[in-house]
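Order of writing sets the chain letters: A, B, C, D, E and F. Residues in each chain are counted from 1.
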Amino acid sequence: MDVDSDSRYEKGLRKLEEIHTGIGKDVMTRLRSACQDFEELTTEFAYGDIYSRPGLDVRTRQLCTIAALTALGNGAPQLKAHINGALNLGIDRQEIMEVIIQMALYGGFQCAQNAVFLTAEVFEERGV
Amino acid sequence: MDVDSDSRYEKGLRKLEEIHTGIGKDVMTRLRSACQDFEELTTEFAYGDIYSRPGLDVRTRQLCTIAALTALGNGAPQLKAHINGALNLGIDRQEIMEVIIQMALYGGFQCAQNAVFLTAEVFEERGV
Amino acid sequence: MDVDSDSRYEKGLRKLEEIHTGIGKDVMTRLRSACQDFEELTTEFAYGDIYSRPGLDVRTRQLCTIAALTALGNGAPQLKAHINGALNLGIDRQEIMEVIIQMALYGGFQCAQNAVFLTAEVFEERGV
Amino acid sequence: MDVDSDSRYEKGLRKLEEIHTGIGKDVMTRLRSACQDFEELTTEFAYGDIYSRPGLDVRTRQLCTIAALTALGNGAPQLKAHINGALNLGIDRQEIMEVIIQMALYGGFQCAQNAVFLTAEVFEERGV
Amino acid sequence: MDVDSDSRYEKGLRKLEEIHTGIGKDVMTRLRSACQDFEELTTEFAYGDIYSRPGLDVRTRQLCTIAALTALGNGAPQLKAHINGALNLGIDRQEIMEVIIQMALYGGFQCAQNAVFLTAEVFEERGV
Amino acid sequence: MDVDSDSRYEKGLRKLEEIHTGIGKDVMTRLRSACQDFEELTTEFAYGDIYSRPGLDVRTRQLCTIAALTALGNGAPQLKAHINGALNLGIDRQEIMEVIIQMALYGGFQCAQNAVFLTAEVFEERGV
């Protein structure tokens, strides 16, 4: 890992630290253990390059990610981690639910339902 | 149409009026002409029931819709209408681009690319 | 909840009652407990507005839903509930299997396979 | 092509003949010209093996295909051909619209909207 | 089952035998028990007709299947079976990981992550 | 752009140069004109970081991308560019068709059909 990509990685770690605790960190730890290269590429690119970009606040970024993962319906562990991350950022639980409810319009009611169930799990695990 | 569903429809029309002009209105007009019932169900439910809910501001709702339609990659005319709607709401063109760029992470680079092209079309049509 | 939306909700509940028992009701009960608003929106719109429309018999509606959920492959609990609902409506287990097999053509063999496994689970749970 | 696969092909052609005219036949002709092997595999398997199976009537099969292609939203030319095929089989235009409207629940409103537009095109081309 | 379709089935079984052991065979055994017709259609068409075609080596076919199932993200049991099948064919574990990592570009990071986790499970179960 | 990210970008450009001509280059030029940042992120990450990784030859990478884009069915311009790229790398047109035909099993026949049509267009444009 050369100097600069190390700094992209460190920048990514700081962004990850800002958003994720518990569930989200576990996903990244399991990912590093399963494939270290992919954990590094994810940290560098997703968190170091994309989430760290200016021009959009981190809370809106987080809600847009929840929107997309809800509508796509193919990443339950990642959606759970990002719901948890949204709560870490101080996003209101009602705002999260509103985004998910709205996704019934684009990803279908089945996807919104499954995301509601995941959200309820996260709320319960955090004792919200 | 009974009294209440008329008011859901009117509520939906007001919300549509708030968000959409040009492109978005054309989609709804074409929809009404192709299938009046579905236009009414869409206006009542999507705009009267969902987009009119409190608990999340209309700008964040709009960006979440752009996120989902970008990531799903199966609704180009609707995505174009909602990008136009975002500009109507005063959302900055950079914010729209940031949401779309972020979607490369969840819907793939091909979906983000296609959404970037659509956005450039909307910007050009509006002379932004 | 105003008068009319109450009647859309009641109409939805009657349609839900007609289709779902056991598995399907459990999904709606869990949904209400996780997010009451979304349970109400689902009951009102999906069951009160859409499934209650004339112009297509409830059995064909049920098989079309099984087709879509099989092909999309992102709503296993909902697919299971609708397979159970189809049996409640007196749809033959062979008809259900035929719809699922046909979906290999549009959603891929992996989606049809997963739906066959879910169907076998429902049949076993009902002692069919 | 050996004797039996020829008969699967002929069985497929007869089923294709039963369902498709105009739009649907054009897709298969263009497909044969672009890749003869794939046209033969499609005719043999999709039409000879699957659509020719007993246990589900051809009209319900056709509506289930329209449901799936609407909800997936990634096969516009094929959806258009199958809407046309449904009309050939004597399926009522309202039944087709009902299936498509219902798909807003599973594939999202954008997919149902796009299918409504395609259906209107088919109706217009046939002068329905 | 007539003579020729029996030979397509036998051809399919030989191809299955070449690729799958353990996990993959279990999926087919469970499938036969849940719906014998669909197991036969799968063996005949997927393995007898498609995977047995000349013009592309079996290793590249296997990696392309892993690419597609990773990117679609809706067939975890089938993806696991095909990762196992790839190892049976002597494909290097690094090549499998490279295909999956590349799929972050098209199916999203969530799909690539989930496939990395499944791959790690297969490696562990085989003691790789 | 700092020193290292410039070298990731240059590495990406060299890889792009190796794979793409005509169609593929046009997509990147249009992308740069629509959103320079996203063109840079794509070149750096997709081509500089991912396609340039060792451990899998560029031809297999190209066929896996064709597999994924065919099966997802939501990136026609990108699929067309990658089919063209495959021919640039000396991949046989039959190998490309085999990958696409195989994708009928995972993405559905509609997606494989649409990819066959795109491939025929590319072949014709190149006079293959």
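Here is the rule we use: contacts are C-beta pairs under 8 Å (C-beta built on N, C-alpha and C of every residue); 3 or more make two chains touch, one makes a residue touch a chain.
Being a predicted model, the structure only gives us computed values, none of them experimental.
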Minimum number of chain-to-chain touching steps separating chain B from chain E: 1
Other chains in touch with both chain B and chain F: A, C, D, E
Contact-richer chain pair [C-E vs E-F]: E-F
Rigid-body rotation angle, chain C and chain B, from Cα fit (steps of 5°): 180
Fraction-based call for chain C against chain A, same above half, different below: different
Chain centre separation (chain A, chain B; CA means) in Å: 24
Cα-centroid distance, chain A relative to chain D, in whole angstrom: 39
Inter-centroid spacing, chain D versus chain B (mean Cα positions, whole Å): 30
Chain A residues counted as touching two or more neighbouring chains: 37, 41, 46, 50, 69, 71-72, 74-75, 97, 101, 104-110
Overall pattern in which the protein chains touch one another (line/ring/star/complete/other): complete
Chain D-touching residues of chain E, taken from the complex the two chains share: 2-5, 8, 37, 41, 45, 49-50, 53
In the complex, chain D residues that touch chain C: 46, 50-51, 53, 55-56, 60-61, 63-72, 75, 92, 94-95, 97-99, 101-107
Touching residues on chain C, where the partner in the complex is chain E: 72-74, 97, 100-101, 104, 107-114, 116-117, 119-120
Residues of chain E that touch chain C when the two form their complex: 27, 30-31, 33-35, 37-38, 41-42, 46, 69, 72, 74-75, 77-79
Complex interface listing, chain F residues touching chain C: 71, 105-110
